[in-house]
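Chain nomenclature is as follows: A, B, C and D, assigned in order of appearance, with residue numbering initiated at 1 for each chain independently.
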């Protein structure tokens, strides 16, 4: 029996999760909400996706454009088992009352506070936490990225200090700057460390910066080791870790631009790089400190997490069953 | 009998033309040349494409990396009917002697001078010029872009003045700047006007600028009309013109970023936007002057032209037969 | 008797006009308004400039920071003969009633509609229009740039088509994008043409684009000539035109970055380039068409215009007297 | 008796050091070398600075442009006591033989290897090392930045991990990218740590990234403390440290753009920010770890170091005498 899924907020994350849902044989995409009849709304219709108005107030816009909607969010909530909330950060919390009213399970994204859900979620780290739950928060692109590699070596971790160099705007967002500046989060350590701790209980502190690029975030990770390990072993661990890929500068991967070119060469939809990219040559151990550099495709790394969260909430599969199924459906390499 | 095609220079243009060739039922991709065993070379191999060393001097690099090549460019030239030269600008002319020595037809790209070939080529404008020819030059991304729309209205043209705002570097090129400047070509009019005239005999002058973006070029076109026409008629003409698409700002297409997002939403490989994008609202006639603004995806607009050029050179089909066949094979909308 | 000048809005334009006022022997800077006690407010105080709260509502912010203000805008209006309104675009019109109430003359900036003032103003073009006026609008950075060169050759002008490539954000504005896109004004011709006509009655149409840079705007100008002229003559005219400088790519001025480096090498405050920069090699005549490319330093080209406007409104000097005096005071080269 | 100074390489660093030399009452600028008669060469002449051809091979360029030079580098070397080598990185080492031949002292910049000189130099950290020396290396902009703050707290340092987010190109360099990418140095730890150790013997490791901005570098510094200290104490130490300034985001300093705006508001030549800018709110101690974020104006932070190096090499003054004299001459705040 397929789980009926709705997407509230068909934007950068919403449209990718919607696509991923259509790739699952145990889920059915019932519909998505839009706030205006833009080209993304027309594209959804072309793909046969039912489009609902995000709320009553947006109906006139659709009518004026002659764009037929299937109803409003509340109509969609009547037809789904679970709603994936991918509205702008902070808006999910406000929608929760509505989801409760309609008795549907809900998945929130990283732009919401942890308190909005019963569990913060990164499949490979704490899949079990979401089993049977009604409200789950898929953590942010950065927290997902940090968790995937740090979880793989968590037995070696005494302390982690990660510096996050973040893109200023997504490729499709032309409103946000800066055009020519580096903007630090002066609150040090930044909120990202605690956010990782909502998923894995490690000792981590972070600092964060915004720089004028759209492609990916980059993390400079330093781990103080509880017990010794060789760089070679860390390479092996990451080679064996799902949704983490090692890239060699020696093969031409000299920046985030080439990582995205790889996703384009693989003909990935929306040049999605679901996997966290670790530069192989950057993995180095000096004394009791491990260093490595990784890059995160913020537009897509959380997409497979949304799929696994649905499976955990409806107990459709255990952890590795779901992860393997999701990976296969989206062409994730391992 | 399939035409055997080789690609000399598997880069931004080369790898897209190679892919397009594999999509044609009347052509066969025999192999491509690379100068080094980078991730693009490994990807080619993964796709089952035979990789040749661009020349003798590059063999050691491949051997050192344990990357087996099928031979050198000269070996490839022995096995093909036509070589598509997609090496960096200016290098094609130097390779011509080699192509002549091996008696293969050759297609050159826009980075070469017109004199390198018997005909400069934009399928919808002068397909017949390339019929049976041995050496054809597919003109540059900008000239292709200007030709597609101007050719459609050439009977109305007395004089054209086009200003070209060009991207500084392709997405995959991290060496070139500027990071924060506008760089004019102070030679006014620029060389682009005459380049259009190698394809269609219209009275055109251009000026060109480089700006810090990677996504697309944008052209501001002003046409002084020989005979009157309404903006509505121009819209109809462009609606009926192959490889030209009208986009509405009203539907959210407010910049080149949203045009590329459209290509991503269409799940186009490498987010290719083969078609020239004309902003519908920008088409306006005032007195005897027609204005319109268009955008060019420099990485992909010339790809279908290479396919049609092969057909013309081997007289496999007439103009519209080839164009229709190429469009269908690559998912070009019209 | 010095004219008492106040500045409402000590931002990018306001602080430069304030500085220019202090450089005039026939004017006195009475005070400026700020909305918050930021580093620009503290710097004003350091320079001995009286800082007023832009309005009542901002007083608490200053009190909380222990930053003493001299009162509010209305207090400042009581002490000045003329207020220079350099508040964000559109806000000037709202302030006009207040200026009328306090019986002070007012100068508005280019972000306001022409109707807000009795005259739109570019000193060298229509100084006389502002003689004795109460409300004058110094036109925008782009309109000022176009007017300075076109006014110099207006007797030769039959028709002008100018394409404006505009910076996305000022250097000090990190909120606005785009980071990686070209954004056209799809309304063609754009509003800039008519704005030039508020100063000089020429037949001009324009199109405008925003690109990801902060340094300067660049204009590609095409003039259809009423009577013949040689490129050499245009060079001579511009050489003799105040607040217009010819730069040679041959001497290293290959982009807007080098024009700003020149202003930095001249140790100009805030790297101000008051003068419009025309690339000498770009000046070319072909048939009845004149082409040239110019760059505009949007942060400073309107500053001398504000000073001359004050002189015209209080009839302190005739046109060339004021222009020469202003140029000398600010180190404008000619 | 004034020390006769020559500058070999009148570029980004060279022209700023030349200017600084003219501001010293115990030094005399004899001349500078240029490779071509560009606008910087003409500006030098305008300022009355003697311009020499960097070498014989460049003379024809100057002759062709009718630009008179005073001779070649070798002629300049005959007239000076010390040459400041500010040629592109790596070129200084090649010039050393020439300097030795002419028996002149020489100062090299951070683009050279430490071995080129008898001492690597940051005035406030190891002024004495350069006393009487013939060859001194002023370290790079990044090493100078790290040394200034770390030297002030070196007694508390057990271990330092600094992540450096570096500008892609100087404002005046339009050749280098990337336009849209983050490029890591995959060699971890990067060479910057050891470079700091050529000046102060602390335990430091670094990682480095290039991002698409021109204004400043930014460092994220984490110090593991040898003995406890409060954030307040670190603030006091930095407040008392020369050539280090504390900036508050609360006052509007939200990014490197506002730090440069501050230098512009201070009417600093070339918007020089000689001082290292530390964000006050970023200074935080958690457990045995101190965090802080600083920004470095790469174009100018090394300029005062060149002046102090000259004084040390000719033993004109002791450390604090020279530093105070240099600071006063350049308007360095403390």
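By definition in this document, a residue touches a chain if its C-beta (ideal position, glycine included) is under 8 Å from a C-beta of that chain, and two chains touch if they have at least 3 such contacts.
Which chain is which protein? Per UniProt: A, B, C, D = Glyceraldehyde-3-phosphate dehydrogenase.
Treat the numbers as computed from the prediction; the structure is a model and nothing was measured.
S.K.: Nearest 5 degrees, what's the C-alpha rotation angle taking chain A to chain B?
M.R.: Value: 180 degrees, nearest 5.
S.K.: Specify the chain most distant from chain A by Cα centroid.
M.R.: C
S.K.: Across the interfaces A-D and B-D, which one involves more C-beta pairs in contact?
M.R.: Higher contact count goes to A-D.
S.K.: Any idea if chain B and chain C meet via the same residues, over half in common, or different ones?
M.R.: same
S.K.: Just the number, please: Cα centre separation of chain A and chain B in whole Å.
M.R.: One centre to the other, that is 35 Å.
S.K.: With chain centres taken as the means of their Cα atoms, state the distance from chain A to chain D in Å.
M.R.: About 42 Å separates the centre of chain A from that of chain D.
S.K.: Roughly how many whole angstrom separate the Cα centroids of chain B and chain D?
M.R.: 46
S.K.: Which chain A residues touch at least two other chains?
M.R.: If we look for residues of chain A contacting two or more partner chains, we find 171, 173-174, 178-181, 183, 212-214, 254-255, 257.
S.K.: For a test of understanding, state which residues of chain B touch chain C in their complex under the given definition.
M.R.: Those in contact with chain C are residues 161, 163, 165, 178, 180-184, 186-189, 205, 207, 209-216, 218, 220, 222, 249, 254-257, 279, 281-284, 286, 289, 291-293, 295.
S.K.: Could you please specify the touching residues of chain D with respect to chain C in the complex?
M.R.: Residues 15, 36-40, 42-43, 171-174, 179-180, 251-255, 257-258, 260-262, 264-267, 269-271 of chain D touch chain C in their complex.
S.K.: Would you mind writing out the residues of chain A in touch with chain C in their complex?
M.R.: 168-169, 171, 173-181, 183, 212-214
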